[in-house]
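The two complexes that follow have subunit A in common; it is paired with subunit B in the first and with subunit C in the second.
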Partner chain A sequence: MTYVLNRLLSVILTLFLITLVTFAITNILPGDVAMMIMGTQSNPEALAGLRETLGLNDPMLVQYGRWVGGMLTGEWGDSLIFKKPIAELLSQKIVASSIIVVMSMAIALGAAVPLGVWAAVHRDKWQDSVSSTTALLGVSLPDFFWGIVMILVFAKWLGWFPSSGFVDPSENFLLAVQHAFLPSLALGLGLMAHLTRMTRSTMTGILGQEFIRVARAKGLSEGTVVWSYGLRNAIGPVITIAGLQIGYLFGSIIVMESLFNYTGMGWLTYQALLNRDMPLIQATVFVIAAVVMLTNLLVDLLYLAIDPRIRLG
Partner chain B sequence: MNALVTVDHLRVEFATDSGPVVGVEDVSFAINPGETVCVVGESGSGKSVTSLSLMRLVEFGGGTIAGGTLTFVRPDGSVLDVAGASPAVMQDVRGNEIGMIFQEPMTSLNPVFTIERQLTDGLMLHRGLSKDAARARALEMLRQVRIPEPERRLKQYPHELSGGMRQRVVIAMAMACEPRLLIADEPTTALDVTIQAEILALINRLKREKGMAVLFITHDMAVVAQMADRVVVMYHGKIVETGTVEDIFENPKEEYTRALLAAVPKLGEMKGKAAPEKMRLIGDEAARAAVAASAPMQRRSEVLLEVKHLTTRFPVKGGILRRTVAQVHAVEDVSFTLNVGETLALVGESGCGKSSCGRSILRLIEPTSGEVWIGGRDIGALNRQDLRRARRDMQMVFQDPFASLNPYRRLKDQVAEPIQNFGLARGQELRDRVAEIFDRVRLPREFMSRFPHELSGGQRQRAAIARALAVNPKLIVADEAVSALDVSVQAQVLNLMMELQADLGLSYLFISHDMAVVERVAHHVGVMYLGRIVEIGPRPSVLDNPRHPYTQQLLSAVPIADPRKRKFKDDLSFKPITSPIFPLGHVAAPSTYTEVGPGHLVLNG
Partner chain C sequence: MKRFLSPKGLVGIILVTLIALVGILAPLLIPPEAATAMDMTARLAPPSANHLLGTDQLGRDILIRVLLGSRLSLEIAVTAVMISIVIGLPLGMVSGYFGGRIDNVLMRLVDTLLAFPALLLALTISAVLGPNLQNTIIAIGVAFTPYLARIVRGEALRVAQMPYVEAARAAGTTDLFILSRHVLPNILPAIIVQATISLAFAILAEAGLSFLGLGTQPPAASWGLMIQASRDYLERAPWTALAPGAAVALTVLGLNMFGDVLRDILDPRSK
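Right after this comes the complex of A and B.
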């Protein structure tokens, strides 16, 4: 219980630090919101008036307080380029990107764990080489390259999947998944390498442990020994790495969503950055950070369920 | 009587990059029903490979049974060809007809499953029991191995149990299906001596009650003497000698067996002798001559080390803010003196604070209070720089030489390093000095350019001693310095340490759990329990006439390498060691002693 409280406290503390950093950075950047709304050639008096209305002349602390207060109460303001409430915009896009994030992670774990276990069981044999070569191939080429390959192979030649676009899952779930599949696959290939190596190395360590020998000496089948006794002990570090990769994924989707013209968080972030849409950048960064933090909290809680030894702490 | 198990000309090979390597060859012996056969040998003798072959578990370690036959009589009377059996048949035999216990109770249990799950999965598999029936049987097994509060244990995870308790669970697991043969591979090597005594007694009782045969693998001749009906002595993958336990101990035929037995110190054999004596070594003529020629060691009654009221506590952190919520009283009000050229042994079981005490004296960990004087200097009062200089006088030798030597540096550089640190010599003088030290610890000079992994365990420990000697220290703290070594090697290293003491006037703080070794090497003995010295005094007085109940308990649990002095027949239950963790603000009573003989002190209360 103490452990869970500890983790929650650290999440809250980190989120607070993130608000400070995002707020500070966007305020240090040259140009302000008023200038961006009215353009650089605008009338200085009108600009000053708008600054006053937007509260940009207030002390930093007051501005920060207002922004955080707004974030907490759901008053996120309007996007300057889309002229729409940010909250509404983000809630749509986060759903779109979640599909990609979850699918690419599922693909990566689904391939990496069996591949890693297979390599560990047949350590230093040909299976091991096949596994590590596959994993290395995935990571040594940038994921946008895989994106292009996917479009060529699965969209253009085979025609199995659409090459671009986004479909809202509430309208047609199957079609939504089909649109998300190729970008997810391309991202998953990049994630797989780390997870495969991690699974292989933790699993190799675990398979050398005495309790594995004891399990065999009890007459348990190899399947039980490897997949139940072994993997249950080896999976912890793997999901920890997977949790950390979620953060990396939110960076990768910027390129991948743009490549597939998939209008999710990545695409939105790109648009916001391109057009210096400060309120939108602040909100996006904060939301991505919050999502990454929460996923990692979930991962830690999952770890807790897997390994009883942590429950003491 | 028909044998339950026969091993006939067994040959096991391990595949390596440079072709197959023989693990064991030409190994033949038999085990009759209800009989305990001990396979004894030093590391690398192939004793574990032999036992793993019987379970066909050797193939999971890269080994193959390359020749010979292994048979096992199944409960229906049919004879199973173990080497040729299908994997499915072997799975049926393992854990069901042959049970196995391993060395490390701390790692023998799966950390993420409950005790119940690990006890019942074999039962459900082999006996087809329902979950409830398996649970009932698991409870019964826990009662049989005398685990307190068995219902609660089922719900617990391995880390919540002590080492002795875990080994009982492992035994319960191995015994659950009532196997006809129990293979115990060094089952008590990792355990404290009182827990070892309890586990050995437990195995003996279960064997008697169930009429099962036991194949007992060990390196410890004292345990062999206590457990075996028949003994198989192995060396370098081959059988040296087999015979009844009395024959092996009283009338050994082979030179190797005699050497092995000679190297084993027997608790009680130093009765009536005032000074430490070197270990007997057979087969090494030079060493034998040295033993005969060595004069009684010179002792001067000049104090080197004086420890006064030394106390070391470790914080236990807890809560959200990681505040200190309690303290481990690792060392509690410990006082003693050590003379120049003498050895004080600190003995006790794991967690008693003997290692913490040694490290506190050297300030490798900072003591909480108390004073340490070495050669008239107050170590506790030194600043960082002076402490660094003072370390010249006090060196340490650790248990595991492989872990304490840097694997990436040549031995000569590692021995030279402390000399360079203190700026004692350079150039040719440094090289000469290092070579001299290698001669001293009897390591050939060509070893100077080698790396630690190119040496055997005993040679590595010599190198570690060489490094400690490099700066001509006055005090060496030897923390379990010979515990990881095979007996014959252990005897050589101990003799070397005693020679160095006689020649150089070294003082040793000899930290050990092995009472028989301590009896051989120590001038004084201090027995530690829960951070305190409960009894201290001259070795003959403390070991021959122990006065504190804990010292008595400890001595009674030590197995003796004599098959006619068997101790572990019925259930033993020693008082478990309580926790040294106390709440903050706990005021520990000062240690006060009663003198029961000249210099022999016993803790009051």
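Right after this comes the complex of A and C.
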């Protein structure tokens, strides 16, 4: 319990630090929001006036306080390019991205765990080489390259999946999944590599242990030994790695959603960055970092639930 | 030594050597104008004797652009990783060696930065500073720093507890001397391994940034830019995407394999 409480306290502190970092990064810019609203050719007096109204002449600390205060009270401001409340934009796009995040993680785990177990069971045989080569190929190709290949093969040549766009799952669930499938697959391939390696190495360690020998000696089937006895003990570190990859995933969705024109968080972040929509940049960057941090916390707690040994420590 | 000659290790070394050679020699052997020379009669031409890997939408030879692109990719990756070492090494060493409050504060900051996906951090820095070659390097370098600092800190913490460091401290040696003469040489292997793997990630990051238009800018022969340009002609001319994609893949693959070999040689504990 103390552990959980400590973690929660550290979450609040980290969230605060995330706001500081976000604010700092977005304020190293030479231009400012007023310039972005009115353009570089605008009348200096009007520009000065707008700066005054937007409070850009206030000390940095005051501006920071106003930004954080606004977020705490739900006043996230408006996006400069979309001319819409940022909170509304975010809530829509987060739903869209969560589909991709969940699907790509499921694809990655669904492929990596069997592949890793397979390699561990047939250690140092050809199966092991096949598995490690596949894993290496997965990390070595940029995921947007996979994305392009998939557009070419599955969308253009075979015509099985749409090559771009987003469909709201509440309108048509099947169509929504179809639109999310190719970007998820491309992302999943990139994620798969580390997960396969991790599964292989923890599984190799577990399979060499005494209790596995005992299980075999008892006459349990090889399937039960590997999948039930072995994997249950090996899955913990794999889940930890999967949790850490959430961060990587949220970086990659920026590229992938832009490539597939899938209007989620990644796409929104990209539009914000491309158009230097400062309020939107701040909001998206903060939200992504916060989500990554909270996911990592969740994974830690999940790990705690799966593996009782940790609780004692 | 047996491991050193494993087929995977050998392939890694050959690939890295080959790519480094291309990166160094291509700009010396190919005149720079060749990269932007347009052959309007042969736009999006398939691979042929004239253009071994075909041409792009402006009739530029893809083989030449891919070869010249290696220099740009390597230059960006190497400089960016150097930046992350220059910032991350002292941070991590101080944090791990001194421990206590300094460590707490520094690592809290590093952990916060780690909550920002590296690519997001790099994209944001590049967008805010204005995308160009120099800012791409800065963006990737800064984005990778927290990862390096974390690893250096772990290593420095380990070395700081070694008996020889304790002995040096008891003998009244200054911290600066211990850090530079005892800690640094002993954490160097881990840093070299990490740097090699970071290089692979930096190549991918540069390609990603350029692909999104927030990295190197046209008409530079950058692999990421080439892949981006190919998007509109994918069906008609898939080679425009495949050639630079393969270049990225081979480079990253080589660096990853090379990194594994280095780890086995330099860091026997990881076995």
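Throughout what follows, the second predicted complex is superposed on the first by the 312 of 313 C-alpha atoms of A that agree within 3 Å, B and C clash if a C-alpha of one lies under 4 Å from a C-alpha of the other, contacts with A are read in each partner's own complex, and residues count from 1 in each chain.
Just so we're on the same page, a residue touches a chain if its C-beta (ideal position, glycine included) is under 8 Å from a C-beta of that chain, and two chains touch if they have at least 3 such contacts.
Computed from a prediction, not measured in an experiment: that's the story for all the values here.
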Margin query: After the superposition on A, what does A:Leu137 contact: first (subunit B), second (subunit C), both or neither?
Written below: second
Margin query: Contacts for A:Met293 in the overlay, against subunit B (first) and subunit C (second): which applies, first, second, both or neither?
Written below: second
Item checked: Partner chain in contact with A:Lys125 - subunit B first, subunit C second, else both or neither -> neither
Next item on the list: Determine, under the contact definition given at the top, whether A:Tyr248 touches first (subunit B), second (subunit C), both, or neither.
Entry: second
Notebook entry, point to check: Is A:Arg66 touching the first partner subunit B, the second partner subunit C, both, or neither of them?
Noted result: neither
Notebook entry, point to check: Given the touch rule stated above, what does A:Gly219 touch, subunit B (first), subunit C (second), both, or neither?
Noted result: first
Notebook entry, point to check: Between subunit B (first) and subunit C (second), which does A:Val285 come into contact with in this model arrangement: first, second, both, or neither?
Noted result: second
Next item on the list: Using the touch definition from the top, say if A:Lys84 reaches subunit B (first), subunit C (second), both or neither.
Entry: neither
Note to self: After superposing on the shared chain, does subunit C or subunit B touch more subunit A residues?
What the structure shows: C
Notebook entry, point to check: Okay, in this complex, where on subunit B does subunit A touch?
Noted result: 55, 57, 60, 90-96, 99-100, 102-104, 107-113, 121-122, 125-126, 157, 159, 170, 173-174, 318-320
Next item on the list: Within their complex, state which residues of subunit A touch subunit C.
Entry: 13-14, 17-18, 21, 25-26, 28-29, 136-137, 139-142, 144-145, 148-149, 151-152, 156, 247-252, 254-255, 258-259, 269-270, 273-274, 276, 281, 285, 288-290, 292-293, 296
Note to self: Please output the residues of subunit A touching subunit B within their complex, sorted ascending.
What the structure shows: 2, 5-6, 9, 209-211, 213-221, 224, 229, 232-233, 306-309, 312
Next item on the list: Write out the stretch or stretches of subunit C touching subunit A in their complex.
Entry: 108-109, 111-121, 123-125, 127-129, 200, 204, 207-208, 211-214, 224, 227, 230-231, 234-235, 238, 241, 245, 248-249, 252-253, 256-257
